[in-house]
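Labels run A, B, C and D following the written order; every chain starts at residue 1.
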Amino acid sequence: MKALVLEKRGVLSLRDVEIEEKVGPADVRVALHTVGVCGSDIHYYTHGSIGPFVVKAPMILGHEASGTVVEVGAEVRNLAVGDRVCMEPGIPDPMSRASLGGMYNLDPSVVFWATPPVHGVTRESVVHPAAFTFRIPEGVGFGEAAMVEPLAVGLHAVKKAAVAPGDVAVVLGAGTIGMVTALAAVAVGCSRVYVTDILKAKLEIAGGYESVVPIDVTAEEAAERVRSDTDGWGADVVFEASGNEQAAASVFDYSCPGGTVVLIGMPLRPVPMDIVSAQAKEARIETIFRYANVYPRALALLGSGKIDLKPLITETFRFDESVAAYEYAAQPKPTSVKTQIRVAESAQS
Amino acid sequence: MKALVLEKRGVLSLRDVEIEEKVGPADVRVALHTVGVCGSDIHYYTHGSIGPFVVKAPMILGHEASGTVVEVGAEVRNLAVGDRVCMEPGIPDPMSRASLGGMYNLDPSVVFWATPPVHGVTRESVVHPAAFTFRIPEGVGFGEAAMVEPLAVGLHAVKKAAVAPGDVAVVLGAGTIGMVTALAAVAVGCSRVYVTDILKAKLEIAGGYESVVPIDVTAEEAAERVRSDTDGWGADVVFEASGNEQAAASVFDYSCPGGTVVLIGMPLRPVPMDIVSAQAKEARIETIFRYANVYPRALALLGSGKIDLKPLITETFRFDESVAAYEYAAQPKPTSVKTQIRVAESAQS
Amino acid sequence: MKALVLEKRGVLSLRDVEIEEKVGPADVRVALHTVGVCGSDIHYYTHGSIGPFVVKAPMILGHEASGTVVEVGAEVRNLAVGDRVCMEPGIPDPMSRASLGGMYNLDPSVVFWATPPVHGVTRESVVHPAAFTFRIPEGVGFGEAAMVEPLAVGLHAVKKAAVAPGDVAVVLGAGTIGMVTALAAVAVGCSRVYVTDILKAKLEIAGGYESVVPIDVTAEEAAERVRSDTDGWGADVVFEASGNEQAAASVFDYSCPGGTVVLIGMPLRPVPMDIVSAQAKEARIETIFRYANVYPRALALLGSGKIDLKPLITETFRFDESVAAYEYAAQPKPTSVKTQIRVAESAQS
Amino acid sequence: MKALVLEKRGVLSLRDVEIEEKVGPADVRVALHTVGVCGSDIHYYTHGSIGPFVVKAPMILGHEASGTVVEVGAEVRNLAVGDRVCMEPGIPDPMSRASLGGMYNLDPSVVFWATPPVHGVTRESVVHPAAFTFRIPEGVGFGEAAMVEPLAVGLHAVKKAAVAPGDVAVVLGAGTIGMVTALAAVAVGCSRVYVTDILKAKLEIAGGYESVVPIDVTAEEAAERVRSDTDGWGADVVFEASGNEQAAASVFDYSCPGGTVVLIGMPLRPVPMDIVSAQAKEARIETIFRYANVYPRALALLGSGKIDLKPLITETFRFDESVAAYEYAAQPKPTSVKTQIRVAESAQS
């Protein structure tokens, strides 16, 4: 089949690959429709590695994916041929200690798409466990469904935050993850979500959503603004979604007494945290690693119309433009949030 | 001042009363604007008592109230004369064991408006602790603010439920409390909320809200419908808001494995609960008693537009029509949800 | 191999059975050492069924088991031949929705020993997944390890209760489950645990444990005693472990404001619950179904000496006395708590 | 009355002071019996300030206190003259937002003993709210009761940790707070608690307690030891109780997947935290500030014998030796944990 292959750092090709995948009794085969380009895909493309994960052999990129079921295993009950679906890209050992404990995302033996040496799915089809393949509700497109992957990160973050009704939240960083976290926070009952960034174009997109208040940190002191808007109390929840070290070091400036901080962004270096400031507010700090048991929840919220991802899908390329899509996404316009590749149309043509 | 007085069971009069209230250092005086008519008010009017609480002397009715600050105590910092406010009607001993533990609603020494022998507030003004008096956000009217009291019950219920993003909920009963619980459930991230009742008029109002699905239990088997819509899994949260014994006995029919039930309605008699059915699903059952620390959250959600109470305010009477308002509310039309009395306009006229 | 077979209701035989079990890559084979006699085993013996589970073909009894690893699968890393182990008797589909969500005990496809038509383990050996097989710490005997199964129920109950440090608890019922629940409650930080029953012999055993206070309900009004000992406040946690309908209906009499009730016992009929009483205290009610992720915790607590199960193992029979063991356990002395069968010694002899 | 007064930095005197305190209706007067010397007392003595809190006028030291009720206010029901009691040293505004929310320890208007300009209680008597004064159970001495203050910190930490039954914990630092945290962790169900330090004398005291395993970090790599003892999994809970920056930076080395860290120690500078390491384990990090609603729980556990503080009270001075007590405590022997002053005996003599 055709696939977008990272041959080695900086070298991409859309070419035929030999992949033979059998549909096991609990599996389905999915014809891909849309695959997003994620920051991690770009990083493998431009750097050839992320931390300990090094691309040593040609690897298909892409893990944000939706498509159509074309074959089902003998024991599969919840899916049928023709179902529109999206897929959770990480498959754990379900009998591991972490998995049995309900945190399969923390199982060290997880096999995750487009993480070397595991192939991703910017390709024509893939075989996947039915338990990690989810029907797309009516009214939700393949593009939005392919964005369930980043949205799942935001929803996992708000689950960990345990947002209470009417909470005021702050999201540091208006990248894709910051955006979906803000949308998730609004969807689960925050009355107001401040999103901070230095890029006006991103803040404008954020500010287009109801209950989202953009703060340009080049123009105003964000923590002071939040405190002043809340009678000096502070934000109930702070989501750090920038990965920026200074931002991460500032989280407790925003917090209210008894407040919660969720660290989503991944700073390159250890961050100097003012523990005494955190203690004065008895801050609870949650950290997250991907997500678990979130996909069906994300799809239900998309289906109900409570989260609208469409404004975040800023560019769509055809499958045969895949290399160009990556070149673009590596140096996107400031107004760009999510670039996707439509695999299916190209396959049809 | 003028007040609506329940002289004794069945006998109401709008008349002058002698109440001298001094504004203490931490108090405010509020000129009432709108006061709702609650089921408990009606019950005192028609029966003269609720359980152990018996009306033995003339008592002013009404505890769902909003108004305008007209005087502030010396130490009050958060409120000023002219502020539009609504008031939490129960004042606990803040040094009690329950209050210090964060559950001031469970303090047995709570003093609650319109619960004998404590006067309610269908009257021109009242003195209240500033700590239990909350500013109404811009864009929210006095009528909606007076409905924060029942809404607080619904929000307290969803807080106890700990709704997870995308949960499917069921609310049994489409009375005022069922309605506000459904709205609260949608606001905090349920993707779909079924509301059951036998009254078509109520179900129509419920069905007018987004993500709310009415079920007429005279026409279809509700639990079966919920199971079938959820691939046999069941509802994540079931709110019993009818007080009906049969409904309360049926809650586990709707529950999913690991699901939650919140018992809001107050059945007159013990309800036969099938404990083994609950165990098979490891159901968690929460019960609630009024609310605590919810008013500011309710107001924030109203202010953000995430909850719209206006369709539930079905009738409004002038202050001088108060007796008629109670006569109506004691035998309302099927389309009636909440009847309110506008105290302020009458006072002005 | 030899096994204790329930041929049909009321008819037991210790005889040879043909069971061929292969050790898969993630399995171990365990030579049984000790197997307890559980109430459910007795019930199948005397009644031939429990609810929908009917013994239609000869079935080996017993699911409370410990033994020694005699063979390990190719991929097993955590266990070795010669390890002393005990085994969790229920194996779920680990890819089911419930299992992935961390509640594998609620997976409807669980395969559980000695639940028709699945064989139990009062036999010489069994093949079991390594993930559900746990090493016994030094200093803990095979008898205690075989009691980890009921202890796991008690620990699951205290986990659900979320005991806070110094809590006062009440356990209704001094049977095996009541006893282990009381021990679990003490181990996790209850400062005092009342255990109620009508049988003096059981109460004496309970009272032999530190921090456990027996209450003979034939001699004193238990709820009054608890309230009076707690300055009228009530118990923080109430565990219903009797299955008795009257006891289950009384749980809220013991509760403090904001208290928790855990329903462990399985009453035969629906129980009339006074919901309004529960609401006045905002009681939280948890129900449990077996346990999940508890075995290693139980073993750690046994190994640390924080829970001592030895006084509860009141009778031990040899394998060749298995039928007599069941006859005894069906009509035990009042001083009897747990009857066990020592399979290994008989096998050796 | 006589009191131990910090005249200014470095200058202490035991002298008469003029303090007139009236017993309000909800207050009691307590004749002090025992008052502990806390690290903060010593710090005010040797440095004259802690952060923003500067000793500008003579101030009585001491806030870890027990004594006997000698007078009760008119409305006090829970205490009587002659009751042996200990007192919570911080009194909040009970109507503040934090207090009503159950976190009165975070109320910025808390008045806390021996925090300038508020007097402490190394003196003959004090008037205190009955709601913050607690009866000492039988069998618990005044010395242990005066140690409830630091123990409350440890118990608050384990409450925040939400220890699960059988958890393995690590406590970094074997000072007073580290010790009481370890005892609290054992009391609430940890199966094993490692305590690390560089001082052998302290580790010996720690190691004298059941289920506590001392680790001398000068002799072995502590995190490696913990991982190796837990089959590579790591500790369920890590309590940082040293305030040492290196220790605080190392917490995630000890953590298991899904583990919890509680930051108790107060490092002088921001600590470089490796957020990505925390995320890989989805660590939850709790911080604490003093305690709330813990005193009665601490006393219940002392009364039940589940926590034994006696080995930690290493030196006791008479009231007339108070200055010497402080001189000693400022430069104690390595075997010293807690120094106390027995006020009552001196008062009697």
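Just so it is clear, a contact is a pair of C-beta atoms (placed from the backbone, for glycine too) under 8 Å apart; a residue touches a chain by one contact, two chains touch by 3 or more.
This structure is a prediction, so every number in the text was calculated from the model and none was measured.
Participant: Going by the contact rule set out at the top, which chains touch both chain A and chain B?
Facilitator: Neighbours common to chain A and chain B are C, D.
Participant: So which one's got more C-beta contacts, C-D or B-C?
Facilitator: Looking at C-D and B-C side by side, B-C shows more C-beta contacts.
Participant: Distance-wise, how many Å sit between the C-alpha centres of chain B and chain C, to the nearest whole number?
Facilitator: About 43 Å separates the centre of chain B from that of chain C.
Participant: Indicate the whole-number Å distance between the mean C-alpha point of chain C and the mean C-alpha point of chain D.
Facilitator: So the centre of chain C lies 39 Å away from the centre of chain D.
Participant: Give the residues of chain C that touch two or more other chains, as numbers and ranges in rising order.
Facilitator: 97, 101, 103
Participant: Show me the residue ranges of chain B that touch chain C in the complex, using the header's touch definition.
Facilitator: Per the touch definition, chain B meets chain C at residues 51, 97-98, 101, 103, 105-106, 160, 233, 248-249, 257-258, 263, 266-267, 269-276, 278-289.
Participant: If you look only at chain D, which of its residues touch chain C in the complex?
Facilitator: Listed in rising order, the residues of chain D that touch chain C are 78, 155, 158-159, 162-168, 184, 187-189, 191-192, 210-211, 231, 294, 296-301, 303-306.
Participant: Can you name the residues of chain C that touch chain A in the complex?
Facilitator: Its residues touching chain A are 26, 94-97, 99-104, 129, 131, 292-293.
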